[in-house]
Structure formats: C-alpha cells, structure tokens
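Look at the two complexes coming up: chain A is in both, with chain B in one and chain C in the other.
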Partner chain A sequence: MGLARYIGARVIWAGVVSLIIVTITFLLLALAPNPSISEAATQAALQGGDPTEAVERQQELRGLDQPLHVRYLDFLEGVYTLNWGWSEQRSQPVIEALGEGIYYTAQYSIPWTVLTLSIGPLVGVYSAANMYSWRDHLATGFAFFGWAIPNFFFGIILLYIFGVWLQWVPIQYSTDVAVFSVANAKQLLLPVFVLVTGSIGAVMRVSRNESAEFQNATFMKTARAKGVSPTRAYAYHVMRPTMVPLSTTIVSQLLVIFLGSSLLVELVFGIPGLGRLTFDALLAQDTNLVLGSTLLFTFIAVVGNLIEDIVFTLLDPRISYDDR
Partner chain B sequence: MATEKPPRFDQIDWDDISPSSRLDLSINSKLMVLTGLPVLLLLLYDLLFVDELQATVPKLGRDLGLAAQFEALGLDYDPTTVDFLFVFTLFLFAWYVVLPLYQNPRLTSYYWAKFRRNRPAVLSLLWLGIVFAGGIIGPQFISAPEQDILLGNQPPVFMQIDTNHVAQCVGPIEDGRCHGTWEHPLGTDRAGKDVFSSVIYGMTISMQIAFITTTIVATIGISVGTLSAYSGGWVDELLMRFVDIVLSFPTFLFFLLILYIYGAGLGMFILVFSLFGWGATSRYVRSKALSVSEEEFIKATKISGASTRRIIRRHIVPNTASSIITQLTLLVPGFLLAEAQLAFLGIGDSNIPSWGQLISSGRNALDFAPWIVMVPGTALFLTILAFNFLGDALLDALNPEAQAERDQ
Partner chain C sequence: MSRRIDRAALRGNYLSRRQWLGMLGVGTTVAIAGCSGGGDGGDDGESSGEAELGGDRGNEVDLGQEPPEVSGQYDDVQGSGFDTLNPIFNTESGAGAAIGYALDQGYTFDPDNDLFPLLYDVRTADNGKTWTIDIREGLQFSDPYGEFTADDFVFYVQEVHQAEWAPSANSGEWSGVTLSRVGEYEVEATLENANILWPETFTPLEYPIPRDLIEPYVEAEDVEGMQQDEELIELQFAGNLGAYTLDEWVRDGGTSYSRNDEYYLRQLAEANEEFRIFGSAPYFEAAEIEIIEEESSRIAALETGEADHVSLPPDRGDQFIDDDGTRVVLADTPFNNILSVNMRDNGWTAGPGNLFRITEFRQALAASINKPELIEGVYRGFHNPHYTWQPAFSEWFPGTDELTLWGNPDEGVYGAEARDLAEQALEQTDEGYSYDGDVLLGPNGDQVELQLYYNAASPTQELAAGFYAEEFEKHLGFALSTNAIDGTRFSEQYWSAEDVADPGVTAEYEGTEFVWETPTPNNPGPREFTSNEPWDFGTVFALNTYPLNPLSNEVFFDGQDVYNPVGYYPEFDAAGLFQQAREAEERAELQSIFEELFVNLNEEQPYIMLTFGVDIEGYNPDLVGPIGDFANGWNFPTWHFDA
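Right, the complex of A and B next:
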C-alpha cells in the first residue's frame, strides 16, 4: 500500500468514526425527553389550553412525529451539510455563533500550540543532554508542576496575583481591542501561560526520556566521531527519532486540554470563545447550540487523531503501511 | 523389575501445580467472595426493593424483623450505589493488592527497597495514604459540613479577616479584624461550611472516583487487550478499531451533553468516564501481551501442555501487570481533574461535597477569603502530583528493564 492509499484509508476511517459519534449523539437526543416540549405542555396547561394538543403541535413543529429512521437521515443530512440550525439564545444561526467563538478561541489557541510545540521538545532534549544537572531538575520540577496543577485553579490564582494585586494585566477581557495589539497580548498572556504550563509538562517528559535513549545510540557515536557539531548532532540525529513518539504525545495532550480545560480557562478569564459559548448555551438550554458546539469539538478531536496518525507515519520512514 | 516410571521433566501434572477444579479457589478469592458477595446482594436489594426516599439499612432491618436491634446499634445508613461499589472495590483492593503483598514478604521488601530510594514517591504515598484514610475514616468521626450563613467567611487559625466580611466572628476581634479559631481550623466558606470537614468529605469523593474508575478501566482494558492480542486476526482488528473510536471520543464534552439532557450524579460521571477511559489501557496491554507471548517461557509452557486459559491467567496478565499499574496511576488524576472541572462549572450535582465544588464556591471571595479556594485547590494539586510521582516510581520499581536502561 502506498502512502496515498494509506492516507486515503485513514481519512475514510476518520469519517466512519465521526459518523458513529454523530449517531450516538442523535440517539442520546432522540431518547431524551425534549425540554421545550414539556415546557409547551406546561405553558398550555397554565393558560387553560389542552396540554396533549400542545405537545402534539410542538412535536409536529419539530418533526418529531416522523419515524426514527427518517429523523436520523434528516439529522445526518443537516450535520454534514453544515445546516446546524438556529440558536435561540443568540438569535443567529449556530454556524455563525460558532464562527464568532472560534475567532476568540483561536487568538489564544494558536500562540499556545506554537509555544508548546517549540519550547517543549527543545527543553526536553536539553534536559536529556544535561541529565541530572540542576537545570534538568528544574525542568523536571516545572514539568511535574505544570502537569499536576489544575488549569482553572492556576488561572484563578494567577489572575488574582497579577490582575487584582499587582494590576499588571486587565481583569476583564475586552473584545474591543485589535487582535494584533499590545493590549490584546497583555490580556491573553495569562491564559496562554496557563495552557502552555498545562500541556508542556508531558511533552517535556516524553522528549526527555525518549531522547535520552538516542543520545548514547551508536549512530550518535558515529556522528560525533565524524566531527559533527553538537547542535547539528542533536538537531538531526536526536530530535528526528524523538519526534516520532513525541508527535503522539503532543497531539493528544493538546487535544485533551483543548477539549477539557480550555472551556474552564475561558470561563475564568472571561474570553467569549467556544468554551464560553458552550457553557452559556448549556445554561440557557439552547439545544441547537449545545449540539453544534459538541459536534464541532468532536470533529476537531477526530481530525486531531487523524493528523496524529498521518504525522506518525510520515515521520518514521521505517513504518510500512501494510502493517497498519 | 522396577514398575515405577523414571521421573520425566517434559510431562507435567498440572493438577499438582495448581488445583484443577475451578471451585477450589485461592484464599484471596475465597475472602473476596465472602466479603464481596454480601455487598453486591445489598446493592441488588437497594436497587430492587428500596424506594428512593427510604434509607436502605433501616428498611433492611424492618424486612428482617430486626428493626429494634438495628436501631439500638445505630444502623441508619443510607448508602448510594456509588458507596456500594466503593466498598466492593475496596475489598478487591484489600484481597488482591494488599494481601498478596503480605503473602510475599520477600518480593514486597525487594520492591519496597527499590521504591524507598525515590523520596518524592514515598512522600506521595504518604499523602495518598492520608487522603485514603481521611476519605474512609474521616466521615465516621467528623460531621458533615453544615450551612450557617452567620458563620460565613471565618478565617483559618492564625489568620484574620476584616470584620466587614463576616456576619458573626467566632474568634476574638482585634482592631476591627476577626481572628481564626480552632473551631474552624481552615476557616469556613461563604455559606458557613467548615472548610476542613469539606476537604475531608471531598477526600471520600476523590477516593471513590479513583477506586471505582480504576477497577472498571482495568477490567475492561485488560480483558479487551489480552483478548485482542491472543485471538489476533479479525477479532484483533475489530477490537482495535473499536478502541480507536473510544479513544477519539471527546468524553468531557460528551458528559456535558449527557448532563444537559438527562442530568447526572457522581455514579453517572464514574460510569461514563470509565466506559470511555479504557482505550489507552487496552492498547497498552495488547502491545505488552503481544511481546510477552513471544517469549521463550510461554512457548515452553505451551509445549508442556498448559491450557490457553492458564497461560493467559498465570503468565500473560501477571507479566503485563507492571505496565498496567503504572498506566492506571497516571489515568486516575485525569478523572479527578475532570470531576473537579465539572464541579467548578457548577452544572453537575451540587450536593456532592467535592473539592471542585468548594473551589468554585470560593472564587468570588478570593480577594478577602483566599483559603476557600487555596485549601481544596492545593489538596487537588497535591493529589494529582502524588499520583504522577507514584506512577513514575512504580514504573522504575516494577520494571527492571527501565532501571537497567537508566543505569547504562
């Protein structure tokens, strides 16, 4: 199997996974009592109408009187044609609302991803090169600290120290400032720092332990014997094989934090991004928007796993496509 | 003429090595059945016969006609399903983890000697021991934190707070500042709940999550992993594709969705997170089992006529145990964190006295009553840290190869 076919098979598989998750979501929704229907019944009863009639009208309105498989196909069509419905809470289409959320989420996610990707492996390899020195111990301590401290707790404390006490950063997130401005950088500094601390620990640990293995490998001895400079030796001969197992860690770490903690970090710092959007929709019982953001996060997870698989194979030329 | 056959090494009487009858259980299994079965029966009784509003134990007393005796003994508990499962997993832990350590003192002291060299890990074990003991024994001695709005925002001992923030100060008031007392050693939150006892009750929740999820994840992960490795072919392919799906499931968000549609308590949380949390474990077990099954001693056992069941149970699973234990210790913090995050969002069951709940309740009072956030937050941080250190140390202690690699 060639590379193109391998990637093709992976993409198809990702499609299947997304289909399965969408199906489960549909079943969850279909089997649950719809809050707006019972609300309609209560309304009708309060206003002296007939609750059963109101329920039927609501069901007809929402197409719930049709058989399950018809609704399922409708649902699938809606999901895959990006027809995600209307958000009642925000009075705009769900897609548009999500787009606005992404705009703010991306502003801190991109610097966070870039920083994790660039600093993590470098520090890890550096610590492996200077194993058991005080710098290594410092890096290891930092890695464990960042890995263990709950992001939202860390965020609250940092916001309190730097926002309330020292007043170096604004407490309230402002949406009025330009994206590329000092003010925006200032207000995004803490969220990015918190997220980087959270995700970098695992990356540092894995790159340290993995590259420690390659440092004493025979090919490194050969390279040294040939007079290759240390920088080049580490960049080409240690970094490259380390990146193979590391790619898995990086993608999964970023995904875990993106899908879980970023929601809380947005809440703590008051960023009106995707996580905040989801949370508000949950509180306002805006089913379409909740569903939309869940689906969006799901697709991000599926695509992330796909990227992880492909990058893994691309980085390691020894992996034959037939085996997988 | 010697009628006796000469002893031969290539034929093994399997009955001789271990009793063949499946009813003939080891002492550990006997104890497990003896203690676990009543718990499960009580759980069934609770689920089938007891209404939601009735307390389980007094109802049992009435049904058995022993109501008076039960009352005299003060048996008025109303355990939840999670409590039953927790007790069950505690027995599992006692008979299959702690007791074997006692049964094999030589190995135990060997591992302990290696483990002890790692000082952070010993401290971690100590802290986890405190959380464990506090979570189990604490609620028996310390009464549940009660709301008393007049006693809100009391400072911890040796700390003080401006009297503007407290309705009624328990301790002495000096220069308009309220001082903390031993009555509330770690202060109280805004609603007047004692922070110390809240933290103790939070330990119970954390331990329940840790034990039950670990048991479920280990059971599913080990079964799927070994089955996959040992059957190979399409079964392997199918199971591993299934694992792919489980792994790419955004569990946290999905739980939010379930919470939104159905509402969910601690039991649902544990169930959902452990049912979607075993993916990595089973992959791990599979790869480990595959490499172990290639070993010479497995071939030797197979040639000598051991059954597949025996090989899997006696050789493959024990040989993957070290990696499983490490993997599980690193998995638990994730669950604890997820629970705290959900509690912090305040959309879960607000009656669960968990650490996240307390952190969220003290968020707005951070500038004048920082202990409400700091105490449970630090407890959570230390617990997660301890699990990580422990996992690292166990990896070194249980896996001689990793040690050898490091010493090179």
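Right, the complex of A and C next:
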C-alpha cells in the first residue's frame, strides 16, 4: 500500500470514528432528560398551569415530538453543515462561541505547544547525553517539579509574586490588546510558563529514557567511528528514533492537558478560552454548546490520531503501511 | 410570584429579574447591595483604612455640586459571566449590572427609600388602585427607532409580558394590571387590587424597548428570534438612554463601554439646581466589567489597583479594611442566615411527635445560639443579628424594644432560659420526652439525636453547623449530627416534594383552616405531604426578607401560599394582617400592620432567625460615590474619580 492510499484509508477511518461518536452523543442526548422541559413543567405547575401541556409545547418548540430517526438525520445534517445551534448560555451561535474560545485559547496554546515540543525532546536528549551529571539532575528536578506542582496552584503563586508583588505582569487579562503585541506577550507569559512546566516533564523524561536506549546502539557506534560530530549524531541518529514512541505520548498528553490544565489556567488568569467555555457550558447545562465542544474535541482527537499515524510512518520508514 | 420565591431559595444560582431587583433594591446601575436608612452620615469620609457596619455615607456624591472632571476608566470585576444582555429575557443580577451601564430602567430608589424617577415617574392619586406612569420627554432610541413614548411602553408590556407566547423575564408580573395610553408620554395602570407599595414590588420597573424593533417578533410570535436578536443582545438601540454605550461583549471576558455624550439625565441639571452634578454625566471616559472567576485573582486585581471595585470574601475583609490602598464599604443586605426546622410529618426523626411544631421549642432553639459569638467566630464580625423577618435598616423594622432578642446574652434571652422554654415545650406533648440532668431523653430513654444538613460547598456553613451542635448540646441537651449535602440534592430531595396534594385540599392547624388552592413542590399541601427524604434541620438555603416591599413575605408565612417547605402554620392571624396590608391606604397604616406582623414572627420563629449577611465591597479609594447603603449605586452616573 502506498502512502497516499494509506492516508486515504486513515482519513476514511477517521470519518467513521467521528460518525460513531456523533451517533453515541445523539443517543445519550436523546435519552437524557431535558432540563428546559422539566423547568417549563415546574414553572407551569407553580403558576397554576397544566404541566403536561407545557411539556408538550416545549417538545413541539424544540422539535422533540418528531420520530427518533428524523431527529437523528436532522442532527447529522446540522453537525456536518456546521449548524450547531444556539448557545443559550452565551447568547450566540455555537460555532461563533467555539471560534471565540479557540481564538483566545490558541494565543497561549500555540506557544505552549511549540515550546513543549521543541524544548522537551532537546532537554531530554541532552539529559541522556549527560546522564547522572548535575545538568541531568537539574533537568530531572525541573521536570518533576513541573509535573508535580498543580498548575492551578502554581499559577496563583506566580501571579502573586510577579503580578502583585513585583507588578511585572498584569493581573487582569485584557481582550482589548492586539494578538501580536508586547502587552499580549506580557499577559500570556505566566500562563504559557505554567503550562510548559506542567507538560514538559513527561516529554523530557520519555525522550531521556528513549534516547538513552539509542545512544549506545550499534548505529551510534558506527556513526562515531565514522567521525560524525556529537551534535549531528544525536540530532540525526538518536532524536529521530526517539521521536517515534514520543509522538504517541505528545499527542495524547497534549489532548488531555488541553482540556484539564487549560481550564484551570484560564480560570486563574481570567482568559475567556475554550476550557472555561466548555466547563461553563457543562455547569449551565447548555446542551448545544456542550455538544459542540464534545464534537470539537472529538474532531481534534481524531485528527490528532490521524496525524500521529502519519508521523509514525514518516519518522520510521520501517513501519509498513500494510500492517496498519 | 411563585417562580420568584422558588428561586429566592436558590440565591446565587438562578434568580428571576424581579428577584434580583427585589434583592438589590436598585433599579439600575451597578449590582451592589447595601443597607438603607441605617446611615448616620457621621462617618469621616476618610475611609481608607476604615470601614463601618451599616451606613457609611462619607463618600457620597453631592448631587448639587458642580460637575466634576471627566477622567479615567472605571474597572469593575465580577466573578461570573453573563448568559445574555437581552433586557427582555435577562434574569441574572450580574448581567443586570452590565445592561445597567448602557440602558437605564424606569426608576430607582435613593438611600432614603424614596423613588427617584429615571426614565419615568410612577405615582398614584387614589391610594394605589390607579397609577400614572409619566415618561420623560427627550428619551431617544438609536436610529431608526425615534423617541421612547407611552406607545412603546404599553406595546411592550401588553404584547410581550402580558402575552402568553413570550416567556420574558417579567411574564406574569403584569397579570391583573390594565394599561392604557392616556397621552404621548403618559400611561395609566389600573391594578386589580390596590397596592400603595406597587413601585416597590418592581412590577412597573421596565427597560425601554422600541416597539418597531420587537413588533415583527410579536406578530410572528417568534420567541427564538427575539431572544437572538443582535440589536437587543448588544443593546444597539440604547440611544441616549444609558450613561455609557456598550462597545463590546466578550463572552466570559466581560463588557466594555464608552461614555455616552448624549445621556438624557443631563436634563435634570437644567431643570433643578439640586441635581447640578448630572450636568455632564457620566464622569468616566470609559468603563469595563472584567470577568475573573478565580477569587484570589480578583482580589489581586484590587490589590494592585487594576480594578476599581471587587466584592470581597469575609476572610479577606479585615485585611483590606486595614489597607490604605483600598476603601472598603460594608453594605447591609436583606438576605438572612436561618436554621430551617422541618415541621412536616417527616421532620423530627428522633422519635414520635414533632417538637418543632411547638412555638416554645423553636424559641428555645433560637435562644440557645449565642448570636454575637456566632457572628464573631463564624462570620468574622461581618454579619448582623437577625431577630425578626426584617433587617434593622428597613423602615418596617419594629425596633428592638418591641422584640425578644433571642440568643443575645446581654439584652435578650439566652442559655438557661432556652432550657426553661424547652421544658415548657415538653409539657405540651405527651410523647415521653424528658430531661435527665442536662440531657434530653427520647421515649426510648436514649439521648435525642437530630440531623442537620448544610451545603457541602460552604466551609462557613460547616463551621456554623458545628457551633449549633455545641450550643444545642450545651443548652438543650440533644445531640446534633451534621451532614454535608449538595445544594441541588437538598433542594430536590428534602426541600421540595414530588407528591403534591390536590388543589382545594384543606386542613386545620391551631383552630385555623388552611386551603391549598394551588399546591406546589415547595408547599405540597398539609403536613402529611412531605419531601422524599426525612430531615430535621437545614442551613442550605437563605431567604430574602424584602425590606422595600414586605408584602412579598406573604408567601413564606401565610401557610398555604406557594412556599412553605417547612410546614409552618402561624398561630396568629398572618393572612388577616397581609390582607390589611394590601388594603392599607397610607404608609402609616402599613407601619402598624407590619409592626404587628414582625413582632409575631419574632415570637413564633417559623425559621430560626440567626444573622443577616453583609456585603464587603472593596473600591479604589479615589472613587467618589460608593456608600455603605442598600441603595449603593443608585446614582452611578455621577460617580467619579477624585481629581
């Protein structure tokens, strides 16, 4: 199987996976009690009206009186035409809400991801090359510290030191500043630092251990014997095989951290991003927005896995398309 | 009405617009509550580093002064975002504040509780049966909607609030009111039953909404269209009707505003020298509400001077009071902390009978909790004692001389007297309860043990619950087991019932017959109709005491109205007193009626009344305007920075 056919097959598979997830989501929603309907019934009862009539009216208004398969087809059409409905909790279309969330989240998540992916493996390989030296211990200590300290707590501490005491960075996140401006860089410095320290540890440790395995491999001995410089030897001969297992760690870890850590960091730093949007939508039982965020993260995960599969084969040509 | 009360119980989570207005007592501007009438005006005005419970008026704006200089940006910080800024549908206090910057409502109340007309005046000439709504001239919507007139007002109320199709925030509030347009700027409202406190109910308090904007939705009965209309959500129609113009609303981020040069209230200064300060209002170049959900980050913003206003938690109050860089305003509130006792058939789980139904036992409970100690120890001094169903700042508060000060060791009934009251209660029951030394024994000879539920999310409630347990054991000899519970679970399983009586059911308590015309989950019927789960004590919910319009309290205390989860039936003629209050033609008449009502409630303790909350508001010390008063923020367009 050639690369193009392989990618084509993976894309189709990603489509099937997303359809399955969308269907499960629809079924869960269809089975769950709708809070707005029960609220309408309660309100009708409290005001001396007929709760049954209120429920019927609400169901009719929301199209819930239609047969399940009709609702499912409508739902599918909405999902794939990006008509994801109206967010009651934000008073705007769901797509627009998600777009806004991504806009603010991307401003810190892109530098965070780039820094994690560039610094993590480099420091890991450097640690492996200088194993058990004070540099290795320092890097390991840093990795464990970042991994161990809760982002939420770390964020507050840093905010207190650099925001309140030293007043080097602002406490309030301002949405007015331009994306590419010093002011924005200043206000995003702490969130990015907190997130990088939180996620870099695992990347660093995995790459350290993986590269330790390769630095005494026969191909490294050959390279050294041929007079290849240490930098070139590590960059080409150690880093590349190290990145294969590391890519799995990176994709899964970044996906997990994206939701969990970014919510906490957004709460502490007051950033109106995707984490808060999702969390608030869940709390407010904003069905359309919860569904929209679920779908968004589903698509990110599916696409992430697809990229991971492709990167695997590019990094390690020994991996056969036919086996996958 | 019923909806309002139901949500009052869930304060902080979801409130009807009437509810938060009722709670705040302000018709417009910023959402900050304070006390009213308690102001002695004697504060030194140099409040940096000082704060005083109740009535800090030292930093009040002088309405007759020359207009100050316009300067700076006012930065407010709130803890949660807004669902909508659509004034027709908003039901949240935070969003109400955000709307208030850019769109005034009809009127507000000043610190003396007098109605202060904004867009219109509301007055009666026949003791509350017919009311005239007088709209100011020169109120302009943005193009192309023209002037705000009586036609807009009548159309909005009749076709939206009084129509069945539109679930607006004020749906149902206007039922029984007949509106007619009697002039270009004059509306006449005829009430089904006279009410001299009609403006205080906030029913006539409306936002100005242009008829031409909503008419297409009204004709099509298009609720979604009206909810999602961009002009409504972004207040694009506001014209000169608000002090500031909304520039942007970043969801979860906050709102930003710029100064409105055409603000209509400037005309006040031309008409009356007493209001000269309105001449160039407002006085900030710009304003912003920033949403910071994390409490410590909000407080840090105040500490660094990035924010001009942040609400403070009690455990940080003292720190900021001592800080010269912050002005702290302590504003009394009408929200109480109560200990609810279950008088229904599934209450008093310690054995047969239900001692909570005996007034002397409830008095004993109230007398056994040391209120000053509770306030100091649990609430860090930032609460006020609560003796009857009105805060001390209310004009309807009967005065402490008329009340029994339960739980006040110095001037009231406390400690050993609580035990005497409990023994009097035991004499009224033949279920076999008795005292053996300091221990209250049940019919089976074991110490009586009762259960208390407190909100798991509230460390303060947990602390208070421990204090109640100690006090009850010490003075009344029964054991109290305290249990944390999720607020929603308590509301659904303990505070409301699924099994509701048929309409029209009757029951007799203490010689009075009660009729349940429309039983509700929060008052499902006579005492045999109970919640799913049995319970004894609950501190999960606090309630409003409605100091501006105490008639609203009828739902709590007449026994058969929509809200009576505890199964309380008054032993005095509460229904009769509320009826008299509704029919009263003068405030003086109301005064004596409410005095009798609140003295009786003080005696009966239908809920064990403990403390009233206090809002601790931290401000930029250079800001002129904030006062420690229930009406704080009523004149927000005149607030300014001290030059």
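Note that in this section the second predicted complex is superposed on the first by the 321 of 324 C-alpha atoms of A that agree within 3 Å, B and C clash if a C-alpha of one lies under 4 Å from a C-alpha of the other, contacts with A are read in each partner's own complex, and residues count from 1 in each chain.
Everything that follows uses one rule, which is that contacts are C-beta pairs under 8 Å (C-beta built on N, C-alpha and C of every residue); 3 or more make two chains touch, one makes a residue touch a chain.
Just so it is clear, the structure is predicted and the values come from calculations on it, not from any experiment.
Of the two partner chains placed by superposition, only chain B is touched by A:213; chain C is not.
Using the contact criterion defined above for the overlaid structures, shared-chain residue A:13 touches chain B, although it does not reach chain C. In the superposition on chain A, contact of A:156 is made with both chain B and chain C.
When the shared chain is aligned, chain B and chain C each come close enough to touch A:267. Of the two partner chains, chain C is the only one that A:89 touches; chain B does not reach it.
Of the two partner chains, chain C is the only one that A:171 touches; chain B does not reach it. Judged by the document's definition of touching, chain A residues 156, 160, 164, 267 lie at the interface with chain B and also at the interface with chain C. Across the interface of their complex, chain C is touched by residues 42-43, 45-48, 61, 86, 88-92, 97, 100, 104, 156, 159-160, 163-164, 167, 170-173, 175-176, 267-270, 272-273, 276-277, 280, 284 of chain A. On the side of chain A, the complex with chain B involves touching residues 13, 17, 20-21, 25, 28-29, 32, 144-145, 147-150, 152-153, 156-157, 160, 164, 213, 216, 256, 259-261, 263-264, 267, 278-279, 282-283, 285, 290-291, 293-294, 297-298, 301-302, 305.
Of all residues in chain B, those touching chain A in their complex are 241, 244-245, 247-250, 252-254, 256-262, 333-334, 337-338, 340-341, 344-345, 347, 359, 363, 366-367, 370, 373-374, 377, 380-381, 384-385, 388-389, 405, 408. Remark: chain C residues 2-3, 6, 75, 77, 81, 83-86, 172, 223-224, 227-228, 233, 248, 250-254, 256, 290-294, 296-297, 300-301, 303-304, 306-307, 500, 518, 520-521, 562 touch chain A in the complex.
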